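Going by the order they are written in, the chains are A, B, C and D; count residues from 1 in each one.
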């Protein structure tokens, strides 16, 4: 199974709904496939214009490294120069903080990743997880 | 009035429907705001993974230059070095072919742009125009 | 089904053997997955040091655009500025000439691409096709 | 003597075998020549898609600086700005952590480098060393 557009829409809708339910600031949500390429993206009204890049960077790092934002942040705090070097390799596109969550199927295969930005990193992550679970997929945060 | 997420969703939905109606290859559609920043994007199942960049490049050139893809293509055919220089300025992000269409309000103000890719450039443009018109906005192709 | 390392090794081995059989210059062969990411690469002794980038660029353009090197070359000859713009979008990584061949399964799904460089573009393509067919996959050149 | 494709295959095979023996996560292994250019690369099934860049960055830094990953990491920890500046010079391609190992001949001449990624940096290095020694060359970690 691969992530398709129908699943990506479900993820975005449910993540946005979670943001509304928790009264978070306006969220932006991206869904990437297993190769790190965008399937769908939405930016809420009122979000700042640079949100695509942040949402993308959270999800992209997760896919490319096979490691969610939480683990990337831990690595960045231990070895800042390592994550800086990783970003050199990936053209500066990686944003190593929570809110980048891997999407797995029931067997554990990585199908892609979701990136959420707009509120605190931890709240962004909550919304990403809610989105993934609403699509009946496994969130690995 | 600005382009908001609700309008962007309408545009994408109607552009995708136009593609289905005309039996085009799987389309990818992006909507950018008046600052050239993504509001929403969708890539159809079966489209190649690089479609985000192409869709973005069509719409981005339109917004940043205030000139739709048709006009950019004409300029590229007359003065290839000019569009190459433009791409130097804009980090290589501009794709100067049809399928990048400006979105205007009734007064003529640019609200953003739509980029469509997947079929021929001319068919991509048809889908973009259909999307914009379905949202009761003015398509400037 | 996805391209795995075992299939990639079969492709490379058979492409190299085809090169030897046809007495081609020393070949370099890369296999990319459906997201455009390297699975395996080999450069023959005597090949020039820059061959990784060329092999990669042939295969990468094929995957990202869903279009083999032959079709990319045709487009580049008709609309040089379009392929130049595409390369802006993809960081200059695309080499639009024969020798980049899509790998499809029996249903037509793109599993990845093979890039071969070292001899003439047409001979490079022959070797890529031979490699893909030896692995019982469909070559789309 | 130079590193050739036959030796590079031996190195990759033995490094992969070491990973299997130690039950490491799926490894990716690259062999670069004395000019820092790829001879061969393999990514194990199940490894994340960004592993080429990481493996390359470990080996590339080793060759270009004549200094294995261990020494680069020590320098990065003492003088993070120095390794950042090095990455400015080398286009962001250097990943200064263990797993990048120089390959020397019996006289001490650098023939190239091996980069391994997938498990902890220290385990990656063990696999790289095992690969080099299996090819009867000197590993300088």
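Structural remarks
The definition used in the following text is that a residue touches a chain if its C-beta (ideal position, glycine included) is under 8 Å from a C-beta of that chain, and two chains touch if they have at least 3 such contacts.
Nothing here was measured: the structure is a model prediction, and the numbers come from that model.
Copies chain B and chain C of the same sequence differ in orientation by 85 degrees, per CA superposition (steps of 5). Here A-B and A-D are compared, and the pair linked by more C-beta contacts is A-D.
Per-chain Cα centroids separate chain A from chain D by 30 Å. Inter-chain centre distance (chain A to chain C, centres taken as mean C-alpha positions): 31 Å.
Rounded to whole angstrom, the centroid-to-centroid distance between chain A and chain B, based on C-alpha atoms, equals 25 Å.
Among the residues of chain A, those touching two or more other chains are numbered 33-37, 91.
Contact topology of the protein chains: irregular, matching none of line, ring, star or complete. Every pair of chains in contact is given here: A-B, A-C, A-D, B-C, C-D. Against chain D, the residues of chain A that register as touching in their complex are 34-36, 63-67, 79-82, 84-92, 110.
The touching residues of chain B, when paired with chain A in their complex, are 4-5, 8-9, 33, 35, 37-45, 49-50, 52.
Chain B meets chain C in the complex at residues 47-50, 53-54, 56-57, 76-77, 80, 83-84, 87, 91-97. Note for the complex: chain C touches chain A at residues 33-37, 91.
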